[in-house]
Amino acid sequence: MELRFVDFLEFIGTFAFAISGIRLASAKHFDWFGAYVVGFATAVGGGTIRDLLLGVTPFWMHSSSYLIFTAIAFFFVVLFRKALVRLDDTFFYFDTIGLGLFVVVGCNKTLQMDAHYAYWVVVIMGMLTGAAGGVLRDILINEVPLIFRKEIYALACLFGGTVFCICDAMGVATVLAQIISAVSVVIIRLLAVKYHLCLPVLKRE
Amino acid sequence: MELRFVDFLEFIGTFAFAISGIRLASAKHFDWFGAYVVGFATAVGGGTIRDLLLGVTPFWMHSSSYLIFTAIAFFFVVLFRKALVRLDDTFFYFDTIGLGLFVVVGCNKTLQMDAHYAYWVVVIMGMLTGAAGGVLRDILINEVPLIFRKEIYALACLFGGTVFCICDAMGVATVLAQIISAVSVVIIRLLAVKYHLCLPVLKRE
Amino acid sequence: MELRFVDFLEFIGTFAFAISGIRLASAKHFDWFGAYVVGFATAVGGGTIRDLLLGVTPFWMHSSSYLIFTAIAFFFVVLFRKALVRLDDTFFYFDTIGLGLFVVVGCNKTLQMDAHYAYWVVVIMGMLTGAAGGVLRDILINEVPLIFRKEIYALACLFGGTVFCICDAMGVATVLAQIISAVSVVIIRLLAVKYHLCLPVLKRE
(Lines give C-alpha, C1' and ligand atoms only; values in the text may rest on other atoms or scores of the structure.)
Protein backbone atom coordinates (compact mmCIF):
# COMPACT_ATOMS: atom_id res chain seq x y z
CA MET A 1 0.00 0.00 0.00
CA GLU A 2 2.80 2.38 0.93
CA LEU A 3 4.60 1.51 -2.28
CA ARG A 4 1.52 2.31 -4.31
CA PHE A 5 1.20 5.72 -2.69
CA VAL A 6 4.82 6.56 -3.51
CA ASP A 7 4.26 5.34 -7.08
CA PHE A 8 1.22 7.58 -7.27
CA LEU A 9 3.25 10.56 -6.05
CA GLU A 10 5.97 9.75 -8.58
CA PHE A 11 3.35 9.75 -11.33
CA ILE A 12 2.03 13.11 -10.10
CA GLY A 13 5.52 14.60 -10.05
CA THR A 14 6.61 13.24 -13.43
CA PHE A 15 3.29 14.29 -14.95
CA ALA A 16 3.56 17.84 -13.58
CA PHE A 17 7.20 18.29 -14.63
CA ALA A 18 6.46 16.92 -18.13
CA ILE A 19 3.45 19.24 -18.46
CA SER A 20 5.64 22.26 -17.67
CA GLY A 21 8.14 21.24 -20.36
CA ILE A 22 5.46 20.53 -22.97
CA ARG A 23 3.68 23.83 -22.36
CA LEU A 24 6.86 25.89 -22.64
CA ALA A 25 7.80 23.96 -25.80
CA SER A 26 4.42 24.73 -27.33
CA ALA A 27 4.98 28.43 -26.61
CA LYS A 28 8.10 28.13 -28.81
CA HIS A 29 6.23 26.43 -31.68
CA PHE A 30 7.85 23.03 -31.18
CA ASP A 31 6.32 20.14 -33.07
CA TRP A 32 4.84 17.11 -31.28
CA PHE A 33 8.14 15.28 -31.16
CA GLY A 34 10.04 18.30 -29.82
CA ALA A 35 7.38 18.95 -27.17
CA TYR A 36 7.46 15.33 -26.04
CA VAL A 37 11.26 15.33 -25.80
CA VAL A 38 11.31 18.58 -23.82
CA GLY A 39 8.60 17.20 -21.50
CA PHE A 40 10.59 14.01 -20.97
CA ALA A 41 13.83 15.91 -20.41
CA THR A 42 12.14 18.16 -17.83
CA ALA A 43 10.75 15.14 -15.98
CA VAL A 44 13.85 12.91 -15.97
CA GLY A 45 16.69 15.39 -16.62
CA GLY A 46 17.48 16.12 -12.99
CA GLY A 47 17.63 12.46 -11.99
CA THR A 48 19.68 11.67 -15.10
CA ILE A 49 22.33 14.29 -14.25
CA ARG A 50 22.37 12.97 -10.67
CA ASP A 51 22.84 9.38 -11.87
CA LEU A 52 25.63 10.34 -14.31
CA LEU A 53 27.46 12.15 -11.49
CA LEU A 54 26.96 9.14 -9.20
CA GLY A 55 28.20 6.82 -11.96
CA VAL A 56 25.08 4.62 -12.16
CA THR A 57 22.70 3.83 -15.02
CA PRO A 58 20.07 6.59 -15.33
CA PHE A 59 16.92 5.47 -13.50
CA TRP A 60 14.55 5.84 -16.46
CA MET A 61 16.49 3.22 -18.45
CA HIS A 62 15.22 0.58 -15.99
CA SER A 63 11.50 1.28 -16.40
CA SER A 64 9.36 2.50 -19.27
CA SER A 65 6.90 4.18 -16.89
CA TYR A 66 8.53 7.62 -17.27
CA LEU A 67 8.11 7.48 -21.05
CA ILE A 68 4.47 6.50 -20.51
CA PHE A 69 3.84 9.19 -17.87
CA THR A 70 5.26 11.77 -20.28
CA ALA A 71 3.01 10.43 -23.06
CA ILE A 72 -0.03 10.85 -20.79
CA ALA A 73 1.07 14.41 -20.03
CA PHE A 74 1.53 15.05 -23.75
CA PHE A 75 -1.95 13.87 -24.74
CA PHE A 76 -3.38 15.77 -21.78
CA VAL A 77 -1.90 19.02 -23.12
CA VAL A 78 -3.03 18.27 -26.69
CA LEU A 79 -6.59 17.41 -25.64
CA PHE A 80 -7.23 19.93 -22.88
CA ARG A 81 -5.20 22.81 -24.23
CA LYS A 82 -7.81 25.47 -23.58
CA ALA A 83 -8.60 24.25 -20.08
CA LEU A 84 -4.95 24.30 -18.99
CA VAL A 85 -4.83 27.91 -17.89
CA ARG A 86 -7.72 27.34 -15.47
CA LEU A 87 -5.80 24.38 -14.03
CA ASP A 88 -2.68 26.43 -13.30
CA ASP A 89 -3.24 26.24 -9.55
CA THR A 90 -3.63 22.47 -9.68
CA PHE A 91 -0.45 22.09 -11.71
CA PHE A 92 1.36 24.29 -9.23
CA TYR A 93 0.43 21.90 -6.40
CA PHE A 94 1.34 18.84 -8.50
CA ASP A 95 4.67 20.44 -9.39
CA THR A 96 5.38 21.23 -5.75
CA ILE A 97 4.52 17.69 -4.63
CA GLY A 98 6.79 16.38 -7.39
CA LEU A 99 9.57 18.67 -6.25
CA GLY A 100 9.37 17.39 -2.69
CA LEU A 101 9.34 13.78 -3.85
CA PHE A 102 12.21 14.21 -6.32
CA VAL A 103 14.42 15.84 -3.69
CA VAL A 104 13.80 12.98 -1.27
CA VAL A 105 14.39 10.32 -3.95
CA GLY A 106 17.67 12.02 -4.94
CA CYS A 107 18.93 12.36 -1.37
CA ASN A 108 17.95 8.81 -0.46
CA LYS A 109 19.62 7.27 -3.52
CA THR A 110 22.85 9.19 -2.91
CA LEU A 111 22.93 8.27 0.78
CA GLN A 112 22.60 4.57 -0.03
CA MET A 113 25.46 4.47 -2.55
CA ASP A 114 28.46 2.35 -1.57
CA ALA A 115 30.70 5.38 -2.03
CA HIS A 116 29.41 6.91 1.26
CA TYR A 117 29.14 10.49 0.07
CA ALA A 118 29.33 13.39 2.53
CA TYR A 119 26.04 15.01 3.56
CA TRP A 120 26.70 18.09 1.46
CA VAL A 121 26.92 15.85 -1.64
CA VAL A 122 23.60 14.27 -0.62
CA VAL A 123 21.99 17.70 -0.39
CA ILE A 124 23.37 18.76 -3.79
CA MET A 125 22.17 15.53 -5.43
CA GLY A 126 18.70 16.08 -3.94
CA MET A 127 18.65 19.61 -5.32
CA LEU A 128 19.86 18.49 -8.76
CA THR A 129 17.15 15.79 -8.87
CA GLY A 130 14.50 18.42 -8.14
CA ALA A 131 15.77 21.44 -10.02
CA ALA A 132 18.16 20.42 -12.84
CA GLY A 133 15.38 19.09 -15.09
CA GLY A 134 14.00 22.60 -15.34
CA VAL A 135 17.43 23.96 -16.23
CA LEU A 136 17.80 21.35 -18.98
CA ARG A 137 14.30 22.26 -20.23
CA ASP A 138 15.25 25.94 -20.46
CA ILE A 139 18.49 25.14 -22.30
CA LEU A 140 16.58 23.02 -24.84
CA ILE A 141 14.06 25.80 -25.51
CA ASN A 142 16.92 28.34 -25.62
CA GLU A 143 15.82 30.48 -22.68
CA VAL A 144 17.76 31.72 -19.67
CA PRO A 145 17.06 29.16 -16.90
CA LEU A 146 14.09 30.40 -14.90
CA ILE A 147 15.28 29.18 -11.51
CA PHE A 148 18.35 31.41 -11.73
CA ARG A 149 16.18 34.48 -11.79
CA LYS A 150 12.90 33.86 -9.99
CA GLU A 151 11.36 32.34 -6.91
CA ILE A 152 12.65 30.27 -4.05
CA TYR A 153 12.74 26.97 -5.90
CA ALA A 154 16.19 25.50 -5.58
CA LEU A 155 16.46 26.86 -2.05
CA ALA A 156 13.41 24.81 -1.06
CA CYS A 157 15.30 21.78 -2.42
CA LEU A 158 18.41 22.67 -0.43
CA PHE A 159 16.34 23.13 2.72
CA GLY A 160 14.54 19.79 2.24
CA GLY A 161 17.82 18.00 1.58
CA THR A 162 19.34 19.50 4.71
CA VAL A 163 16.32 18.36 6.74
CA PHE A 164 16.74 14.87 5.31
CA CYS A 165 20.42 14.75 6.31
CA ILE A 166 19.72 16.07 9.82
CA CYS A 167 17.07 13.36 10.26
CA ASP A 168 19.54 10.75 9.03
CA ALA A 169 22.27 11.98 11.38
CA MET A 170 19.81 11.88 14.27
CA GLY A 171 18.84 8.30 13.44
CA VAL A 172 15.25 9.08 12.43
CA ALA A 173 13.65 6.14 10.57
CA THR A 174 14.11 6.49 6.78
CA VAL A 175 10.40 6.58 5.92
CA LEU A 176 9.74 9.26 8.52
CA ALA A 177 12.80 11.26 7.37
CA GLN A 178 11.53 11.10 3.79
CA ILE A 179 8.09 12.37 4.74
CA ILE A 180 9.43 15.20 6.92
CA SER A 181 11.88 16.22 4.22
CA ALA A 182 9.36 16.18 1.35
CA VAL A 183 6.80 18.09 3.42
CA SER A 184 9.39 20.72 4.33
CA VAL A 185 10.18 21.26 0.62
CA VAL A 186 6.47 21.72 -0.07
CA ILE A 187 5.96 24.12 2.85
CA ILE A 188 8.94 26.32 1.94
CA ARG A 189 7.80 26.50 -1.67
CA LEU A 190 4.20 27.33 -0.72
CA LEU A 191 5.33 30.00 1.73
CA ALA A 192 7.73 31.47 -0.83
CA VAL A 193 4.99 31.78 -3.45
CA LYS A 194 2.32 33.03 -1.01
CA TYR A 195 4.54 35.78 0.40
CA HIS A 196 6.42 36.47 -2.86
CA LEU A 197 9.71 35.62 -1.21
CA CYS A 198 12.66 35.77 -3.54
CA LEU A 199 16.40 36.13 -3.37
CA PRO A 200 18.06 39.47 -4.06
CA VAL A 201 19.29 40.00 -7.60
CA LEU A 202 23.00 40.63 -7.99
CA LYS A 203 23.49 44.30 -8.80
CA ARG A 204 25.25 45.09 -12.04
CA GLU A 205 28.63 46.74 -11.96
CA MET B 1 35.87 -5.94 -47.61
CA GLU B 2 32.66 -5.55 -45.67
CA LEU B 3 34.55 -3.80 -42.88
CA ARG B 4 36.01 -1.33 -45.33
CA PHE B 5 32.59 -0.48 -46.69
CA VAL B 6 31.24 0.24 -43.18
CA ASP B 7 34.33 2.35 -42.46
CA PHE B 8 33.67 4.25 -45.65
CA LEU B 9 30.05 4.85 -44.62
CA GLU B 10 31.22 5.99 -41.18
CA PHE B 11 33.56 8.47 -42.84
CA ILE B 12 30.70 9.72 -45.03
CA GLY B 13 28.40 10.14 -42.01
CA THR B 14 30.98 11.82 -39.76
CA PHE B 15 32.05 14.08 -42.62
CA ALA B 16 28.47 15.14 -43.38
CA PHE B 17 27.55 15.75 -39.73
CA ALA B 18 30.75 17.75 -39.16
CA ILE B 19 30.09 19.82 -42.30
CA SER B 20 26.64 20.76 -41.01
CA GLY B 21 28.12 21.92 -37.69
CA ILE B 22 30.94 23.87 -39.32
CA ARG B 23 28.62 25.64 -41.75
CA LEU B 24 26.18 26.70 -39.03
CA ALA B 25 29.10 27.87 -36.87
CA SER B 26 30.42 29.97 -39.75
CA ALA B 27 26.98 31.59 -40.06
CA LYS B 28 27.43 32.71 -36.44
CA HIS B 29 30.92 34.18 -37.06
CA PHE B 30 32.76 31.52 -35.09
CA ASP B 31 36.51 31.43 -35.47
CA TRP B 32 38.36 28.39 -36.84
CA PHE B 33 38.66 26.74 -33.46
CA GLY B 34 34.99 27.27 -32.62
CA ALA B 35 33.87 25.96 -35.99
CA TYR B 36 36.02 22.86 -35.62
CA VAL B 37 34.69 22.17 -32.12
CA VAL B 38 31.07 22.58 -33.23
CA GLY B 39 31.72 20.29 -36.21
CA PHE B 40 33.28 17.67 -33.95
CA ALA B 41 30.45 17.96 -31.39
CA THR B 42 27.86 17.53 -34.13
CA ALA B 43 29.61 14.43 -35.44
CA VAL B 44 30.35 12.66 -32.15
CA GLY B 45 27.89 14.32 -29.73
CA GLY B 46 25.07 11.81 -30.18
CA GLY B 47 27.32 8.80 -29.69
CA THR B 48 28.98 10.46 -26.70
CA ILE B 49 25.65 11.05 -24.92
CA ARG B 50 24.70 7.43 -25.70
CA ASP B 51 27.99 6.13 -24.28
CA LEU B 52 27.71 8.26 -21.12
CA LEU B 53 24.17 6.92 -20.54
CA LEU B 54 25.40 3.35 -21.14
CA GLY B 55 28.33 3.93 -18.78
CA VAL B 56 31.12 3.17 -21.28
CA THR B 57 34.06 5.22 -22.53
CA PRO B 58 32.93 7.50 -25.39
CA PHE B 59 33.78 5.80 -28.69
CA TRP B 60 35.87 8.65 -30.11
CA MET B 61 38.37 8.34 -27.23
CA HIS B 62 39.45 4.99 -28.70
CA SER B 63 40.33 6.22 -32.19
CA SER B 64 41.63 9.49 -33.58
CA SER B 65 39.81 8.97 -36.88
CA TYR B 66 36.85 11.16 -35.83
CA LEU B 67 39.16 14.08 -35.10
CA ILE B 68 40.76 13.54 -38.52
CA PHE B 69 37.43 13.19 -40.35
CA THR B 70 36.32 16.47 -38.76
CA ALA B 71 39.58 18.12 -39.83
CA ILE B 72 38.97 16.99 -43.41
CA ALA B 73 35.45 18.42 -43.24
CA PHE B 74 36.84 21.66 -41.83
CA PHE B 75 39.39 22.16 -44.61
CA PHE B 76 36.77 21.19 -47.15
CA VAL B 77 34.52 24.03 -45.92
CA VAL B 78 37.41 26.52 -45.82
CA LEU B 79 38.63 25.64 -49.32
CA PHE B 80 35.36 25.08 -51.18
CA ARG B 81 33.23 27.63 -49.36
CA LYS B 82 31.67 29.09 -52.49
CA ALA B 83 30.93 25.70 -54.03
CA LEU B 84 29.15 24.41 -50.93
CA VAL B 85 25.71 25.73 -51.78
CA ARG B 86 25.75 23.87 -55.10
CA LEU B 87 26.63 20.69 -53.20
CA ASP B 88 23.66 20.95 -50.85
CA ASP B 89 21.92 17.97 -52.44
CA THR B 90 25.02 15.83 -52.11
CA PHE B 91 25.42 16.77 -48.45
CA PHE B 92 21.79 15.94 -47.86
CA TYR B 93 22.38 12.39 -49.14
CA PHE B 94 25.60 12.06 -47.13
CA ASP B 95 23.81 13.29 -44.02
CA THR B 96 20.97 10.83 -44.56
CA ILE B 97 23.36 7.91 -45.07
CA GLY B 98 25.17 8.99 -41.92
CA LEU B 99 21.91 9.11 -40.02
CA GLY B 100 20.99 5.57 -41.03
CA LEU B 101 24.42 4.28 -40.11
CA PHE B 102 24.56 6.11 -36.75
CA VAL B 103 21.14 4.76 -35.72
CA VAL B 104 22.22 1.21 -36.51
CA VAL B 105 25.56 1.60 -34.71
CA GLY B 106 23.76 2.99 -31.64
CA CYS B 107 21.13 0.23 -31.56
CA ASN B 108 23.69 -2.50 -32.12
CA LYS B 109 26.03 -1.27 -29.38
CA THR B 110 23.18 -1.01 -26.86
CA LEU B 111 21.86 -4.46 -27.71
CA GLN B 112 25.27 -6.03 -27.14
CA MET B 113 25.83 -4.50 -23.69
CA ASP B 114 25.98 -6.94 -20.79
CA ALA B 115 23.18 -5.04 -19.07
CA HIS B 116 20.60 -6.50 -21.51
CA TYR B 117 18.57 -3.37 -22.06
CA ALA B 118 14.93 -3.54 -23.11
CA TYR B 119 14.14 -2.96 -26.78
CA TRP B 120 12.71 0.51 -26.09
CA VAL B 121 16.06 1.53 -24.57
CA VAL B 122 17.77 0.20 -27.72
CA VAL B 123 15.51 2.34 -29.92
CA ILE B 124 16.12 5.45 -27.81
CA MET B 125 19.90 4.93 -27.88
CA GLY B 126 19.74 4.55 -31.68
CA MET B 127 17.79 7.78 -31.95
CA LEU B 128 20.17 9.63 -29.60
CA THR B 129 23.16 8.43 -31.64
CA GLY B 130 21.58 9.81 -34.80
CA ALA B 131 19.87 12.95 -33.57
CA ALA B 132 21.45 14.22 -30.33
CA GLY B 133 24.59 15.53 -32.05
CA GLY B 134 22.44 18.04 -33.91
CA VAL B 135 20.80 19.13 -30.65
CA LEU B 136 24.21 19.64 -29.04
CA ARG B 137 25.31 21.63 -32.12
CA ASP B 138 22.29 23.92 -31.81
CA ILE B 139 22.88 24.44 -28.07
CA LEU B 140 26.53 25.39 -28.76
CA ILE B 141 25.56 27.94 -31.42
CA ASN B 142 22.76 29.19 -29.12
CA GLU B 143 19.83 28.36 -31.40
CA VAL B 144 16.60 26.49 -30.69
CA PRO B 145 17.28 22.87 -31.73
CA LEU B 146 16.16 22.44 -35.31
CA ILE B 147 14.85 18.89 -34.97
CA PHE B 148 12.28 20.03 -32.40
CA ARG B 149 10.62 22.24 -34.95
CA LYS B 150 11.16 20.89 -38.45
CA GLU B 151 11.13 17.75 -40.52
CA ILE B 152 10.76 14.08 -39.81
CA TYR B 153 14.30 13.49 -38.60
CA ALA B 154 14.17 11.90 -35.18
CA LEU B 155 11.08 9.92 -36.21
CA ALA B 156 13.10 8.31 -39.01
CA CYS B 157 15.59 7.27 -36.32
CA LEU B 158 12.83 5.86 -34.12
CA PHE B 159 11.40 3.95 -37.07
CA GLY B 160 14.80 2.52 -38.04
CA GLY B 161 15.52 1.52 -34.46
CA THR B 162 12.16 -0.22 -34.21
CA VAL B 163 12.86 -2.11 -37.45
CA PHE B 164 16.22 -3.17 -36.01
CA CYS B 165 14.60 -4.51 -32.83
CA ILE B 166 11.89 -6.36 -34.75
CA CYS B 167 14.58 -8.00 -36.90
CA ASP B 168 16.49 -8.97 -33.76
CA ALA B 169 13.38 -10.41 -32.09
CA MET B 170 12.66 -12.41 -35.27
CA GLY B 171 16.19 -13.83 -35.28
CA VAL B 172 17.28 -12.09 -38.48
CA ALA B 173 21.08 -12.21 -38.93
CA THR B 174 22.74 -9.10 -37.46
CA VAL B 175 24.32 -7.88 -40.70
CA LEU B 176 21.03 -8.18 -42.54
CA ALA B 177 19.14 -6.48 -39.67
CA GLN B 178 21.62 -3.60 -39.81
CA ILE B 179 21.21 -3.13 -43.55
CA ILE B 180 17.41 -3.29 -43.42
CA SER B 181 17.31 -0.86 -40.50
CA ALA B 182 19.71 1.67 -42.03
CA VAL B 183 17.91 1.56 -45.37
CA SER B 184 14.56 2.12 -43.67
CA VAL B 185 15.92 5.25 -41.94
CA VAL B 186 17.14 6.54 -45.31
CA ILE B 187 13.83 5.79 -47.06
CA ILE B 188 11.70 7.46 -44.37
CA ARG B 189 13.90 10.55 -44.43
CA LEU B 190 13.88 10.76 -48.23
CA LEU B 191 10.11 10.33 -48.35
CA ALA B 192 9.63 12.93 -45.60
CA VAL B 193 11.70 15.51 -47.46
CA LYS B 194 10.25 14.72 -50.90
CA TYR B 195 6.64 15.00 -49.70
CA HIS B 196 7.31 17.73 -47.11
CA LEU B 197 6.01 15.49 -44.35
CA CYS B 198 6.22 17.02 -40.92
CA LEU B 199 4.66 16.63 -37.52
CA PRO B 200 1.93 18.98 -36.34
CA VAL B 201 3.08 21.91 -34.25
CA LEU B 202 1.64 22.13 -30.74
CA LYS B 203 -0.90 24.94 -30.68
CA ARG B 204 -0.25 27.72 -28.21
CA GLU B 205 -2.66 28.24 -25.35
CA MET C 1 55.32 22.97 1.24
CA GLU C 2 55.01 22.14 -2.44
CA LEU C 3 51.51 20.78 -1.84
CA ARG C 4 50.48 24.01 -0.19
CA PHE C 5 51.67 26.06 -3.14
CA VAL C 6 49.62 23.93 -5.58
CA ASP C 7 46.60 24.25 -3.27
CA PHE C 8 47.11 27.99 -3.29
CA LEU C 9 47.21 28.03 -7.10
CA GLU C 10 44.06 25.87 -7.21
CA PHE C 11 42.32 28.39 -4.97
CA ILE C 12 43.46 31.24 -7.23
CA GLY C 13 42.21 29.43 -10.33
CA THR C 14 38.86 28.35 -8.88
CA PHE C 15 38.35 31.82 -7.42
CA ALA C 16 39.07 33.54 -10.75
CA PHE C 17 36.88 31.17 -12.79
CA ALA C 18 34.01 31.52 -10.29
CA ILE C 19 34.35 35.33 -10.35
CA SER C 20 34.00 35.35 -14.14
CA GLY C 21 30.81 33.27 -13.94
CA ILE C 22 29.30 35.35 -11.13
CA ARG C 23 30.00 38.64 -12.91
CA LEU C 24 28.47 37.48 -16.19
CA ALA C 25 25.45 36.12 -14.28
CA SER C 26 24.99 39.48 -12.57
CA ALA C 27 24.98 41.17 -15.98
CA LYS C 28 21.97 38.95 -16.82
CA HIS C 29 20.10 39.87 -13.61
CA PHE C 30 20.49 36.46 -11.99
CA ASP C 31 19.59 36.21 -8.33
CA TRP C 32 22.12 35.19 -5.69
CA PHE C 33 21.44 31.50 -6.10
CA GLY C 34 21.73 31.64 -9.89
CA ALA C 35 24.94 33.63 -9.71
CA TYR C 36 26.47 31.17 -7.27
CA VAL C 37 25.50 28.19 -9.44
CA VAL C 38 26.92 29.80 -12.58
CA GLY C 39 30.13 30.63 -10.69
CA PHE C 40 30.43 27.07 -9.44
CA ALA C 41 29.68 25.61 -12.89
CA THR C 42 32.34 27.85 -14.45
CA ALA C 43 34.90 26.75 -11.88
CA VAL C 44 34.23 23.00 -11.85
CA GLY C 45 32.39 22.43 -15.16
CA GLY C 46 35.49 21.63 -17.23
CA GLY C 47 36.84 19.11 -14.74
CA THR C 48 33.38 17.57 -14.35
CA ILE C 49 33.00 16.98 -18.10
CA ARG C 50 36.52 15.50 -18.13
CA ASP C 51 35.71 13.18 -15.24
CA LEU C 52 32.42 12.04 -16.81
CA LEU C 53 34.25 11.23 -20.06
CA LEU C 54 36.95 9.37 -18.09
CA GLY C 55 34.27 7.49 -16.15
CA VAL C 56 35.36 8.60 -12.66
CA THR C 57 33.53 10.46 -9.88
CA PRO C 58 33.70 14.23 -10.51
CA PHE C 59 36.56 15.66 -8.45
CA TRP C 60 34.48 18.24 -6.55
CA MET C 61 32.34 15.48 -5.00
CA HIS C 62 35.40 14.43 -2.96
CA SER C 63 36.09 17.79 -1.34
CA SER C 64 33.90 20.70 -0.28
CA SER C 65 36.70 23.21 -0.94
CA TYR C 66 35.37 24.10 -4.42
CA LEU C 67 31.98 25.03 -2.96
CA ILE C 68 33.77 27.13 -0.35
CA PHE C 69 36.10 28.80 -2.88
CA THR C 70 33.03 29.70 -4.96
CA ALA C 71 31.32 31.11 -1.87
CA ILE C 72 34.36 33.30 -1.19
CA ALA C 73 34.25 34.50 -4.80
CA PHE C 74 30.54 35.19 -4.46
CA PHE C 75 30.87 37.33 -1.34
CA PHE C 76 33.84 39.08 -2.90
CA VAL C 77 31.69 40.15 -5.87
CA VAL C 78 28.79 41.20 -3.61
CA LEU C 79 31.01 43.24 -1.28
CA PHE C 80 33.47 44.78 -3.71
CA ARG C 81 31.16 45.22 -6.68
CA LYS C 82 32.27 48.75 -7.50
CA ALA C 83 35.96 47.99 -7.15
CA LEU C 84 35.82 45.00 -9.51
CA VAL C 85 36.35 46.93 -12.72
CA ARG C 86 39.61 48.37 -11.40
CA LEU C 87 40.75 44.85 -10.56
CA ASP C 88 40.19 43.55 -14.10
CA ASP C 89 43.91 43.21 -14.74
CA THR C 90 44.41 41.24 -11.53
CA PHE C 91 41.55 38.91 -12.40
CA PHE C 92 43.01 38.41 -15.84
CA TYR C 93 46.27 37.18 -14.31
CA PHE C 94 44.41 34.98 -11.80
CA ASP C 95 42.32 33.53 -14.62
CA THR C 96 45.41 32.84 -16.69
CA ILE C 97 47.21 31.15 -13.79
CA GLY C 98 44.06 29.08 -13.19
CA LEU C 99 43.95 28.11 -16.86
CA GLY C 100 47.55 26.88 -16.80
CA LEU C 101 46.94 24.91 -13.61
CA PHE C 102 43.65 23.38 -14.78
CA VAL C 103 45.21 22.20 -18.07
CA VAL C 104 48.06 20.51 -16.20
CA VAL C 105 45.71 18.91 -13.66
CA GLY C 106 43.51 17.58 -16.48
CA CYS C 107 46.43 16.20 -18.50
CA ASN C 108 48.05 14.62 -15.45
CA LYS C 109 44.85 12.91 -14.26
CA THR C 110 44.16 11.49 -17.73
CA LEU C 111 47.72 10.23 -18.14
CA GLN C 112 47.55 8.38 -14.82
CA MET C 113 44.30 6.54 -15.58
CA ASP C 114 44.54 2.75 -15.86
CA ALA C 115 43.01 2.94 -19.33
CA HIS C 116 46.30 4.30 -20.77
CA TYR C 117 44.80 6.90 -23.06
CA ALA C 118 46.66 8.07 -26.15
CA TYR C 119 48.48 11.42 -25.93
CA TRP C 120 45.89 13.17 -28.09
CA VAL C 121 43.20 12.17 -25.54
CA VAL C 122 45.41 13.60 -22.78
CA VAL C 123 45.68 16.91 -24.64
CA ILE C 124 41.91 17.08 -25.23
CA MET C 125 41.17 16.33 -21.57
CA GLY C 126 43.60 19.08 -20.52
CA MET C 127 41.87 21.52 -22.86
CA LEU C 128 38.39 20.50 -21.64
CA THR C 129 39.50 20.97 -18.01
CA GLY C 130 40.67 24.50 -18.81
CA ALA C 131 38.10 25.67 -21.32
CA ALA C 132 34.83 23.69 -21.02
CA GLY C 133 33.77 25.42 -17.79
CA GLY C 134 33.52 28.69 -19.69
CA VAL C 135 31.42 27.02 -22.39
CA LEU C 136 29.06 25.61 -19.75
CA ARG C 137 28.86 29.10 -18.16
CA ASP C 138 27.87 30.65 -21.49
CA ILE C 139 25.23 27.97 -22.12
CA LEU C 140 23.72 28.59 -18.66
CA ILE C 141 23.51 32.35 -19.23
CA ASN C 142 22.18 31.71 -22.76
CA GLU C 143 25.00 33.36 -24.70
CA VAL C 144 27.05 32.08 -27.63
CA PRO C 145 30.21 30.59 -26.05
CA LEU C 146 32.86 33.30 -25.98
CA ILE C 147 35.83 31.03 -26.68
CA PHE C 148 34.35 30.06 -30.05
CA ARG C 149 34.58 33.62 -31.23
CA LYS C 150 37.37 35.45 -29.46
CA GLU C 151 40.93 35.17 -28.31
CA ILE C 152 43.49 32.44 -28.24
CA TYR C 153 42.19 30.65 -25.18
CA ALA C 154 41.59 27.03 -26.02
CA LEU C 155 44.66 27.05 -28.28
CA ALA C 156 46.81 27.98 -25.28
CA CYS C 157 45.35 24.92 -23.55
CA LEU C 158 46.11 22.71 -26.55
CA PHE C 159 49.67 24.04 -26.68
CA GLY C 160 50.21 23.48 -22.96
CA GLY C 161 48.80 19.96 -23.16
CA THR C 162 51.08 19.16 -26.08
CA VAL C 163 54.09 20.46 -24.14
CA PHE C 164 53.06 18.25 -21.22
CA CYS C 165 52.86 15.16 -23.44
CA ILE C 166 56.20 15.90 -25.13
CA CYS C 167 57.80 16.22 -21.67
CA ASP C 168 56.23 12.91 -20.63
CA ALA C 169 57.42 11.15 -23.78
CA MET C 170 60.92 12.50 -23.19
CA GLY C 171 60.91 11.19 -19.62
CA VAL C 172 61.00 14.62 -17.96
CA ALA C 173 60.15 14.39 -14.22
CA THR C 174 56.40 14.93 -13.65
CA VAL C 175 56.74 18.00 -11.43
CA LEU C 176 59.02 19.68 -13.95
CA ALA C 177 56.72 18.73 -16.83
CA GLN C 178 53.78 20.25 -14.96
CA ILE C 179 55.60 23.52 -14.34
CA ILE C 180 56.85 23.83 -17.94
CA SER C 181 53.39 23.03 -19.29
CA ALA C 182 51.51 25.45 -17.03
CA VAL C 183 54.00 28.22 -17.72
CA SER C 184 53.68 27.67 -21.47
CA VAL C 185 49.88 28.04 -21.23
CA VAL C 186 50.35 31.31 -19.34
CA ILE C 187 52.93 32.64 -21.81
CA ILE C 188 50.85 31.84 -24.90
CA ARG C 189 47.79 33.47 -23.34
CA LEU C 190 49.71 36.60 -22.28
CA LEU C 191 51.31 36.93 -25.72
CA ALA C 192 47.94 36.41 -27.43
CA VAL C 193 46.30 39.17 -25.39
CA LYS C 194 49.27 41.57 -25.60
CA TYR C 195 49.54 41.30 -29.40
CA HIS C 196 45.81 40.83 -30.02
CA LEU C 197 46.41 37.47 -31.65
CA CYS C 198 43.28 35.68 -32.71
CA LEU C 199 42.22 32.99 -35.12
CA PRO C 200 40.60 33.87 -38.45
CA VAL C 201 36.82 33.85 -38.49
CA LEU C 202 35.20 31.43 -40.91
CA LYS C 203 33.78 33.44 -43.81
CA ARG C 204 30.07 33.10 -44.41
CA GLU C 205 28.86 31.49 -47.58
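In order of appearance the chains are A, B and C, and numbering begins at 1 in each one.
The rule is short, and it goes like this: contacts are C-beta pairs under 8 Å (C-beta built on N, C-alpha and C of every residue); 3 or more make two chains touch, one makes a residue touch a chain.
Model, not experiment: these values are computed from the prediction.
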item: Between chain A and its twin chain B, rotation from the CA superposition, multiple of 5 degrees; value: 120
item: Interface sides of chain B and chain C: same vs different residues, half threshold; value: different
item: Centre-of-Cα separation between chain C and chain B, whole angstrom; value: 31
item: For chain A, residues that touch 2 or more chains besides their own; value: 52, 55, 139, 142
item: In the complex with chain C, residue positions of chain B that touch it; value: 22-23, 25-35, 37-38, 48, 52, 55-58, 61, 64, 67, 77-78, 81-82, 84-85, 139-142
item: Sites on chain B touched by chain A in the complex; value: 52-55, 115, 117-118, 120-121, 135, 139, 142-145, 147-150, 154-155, 198-205
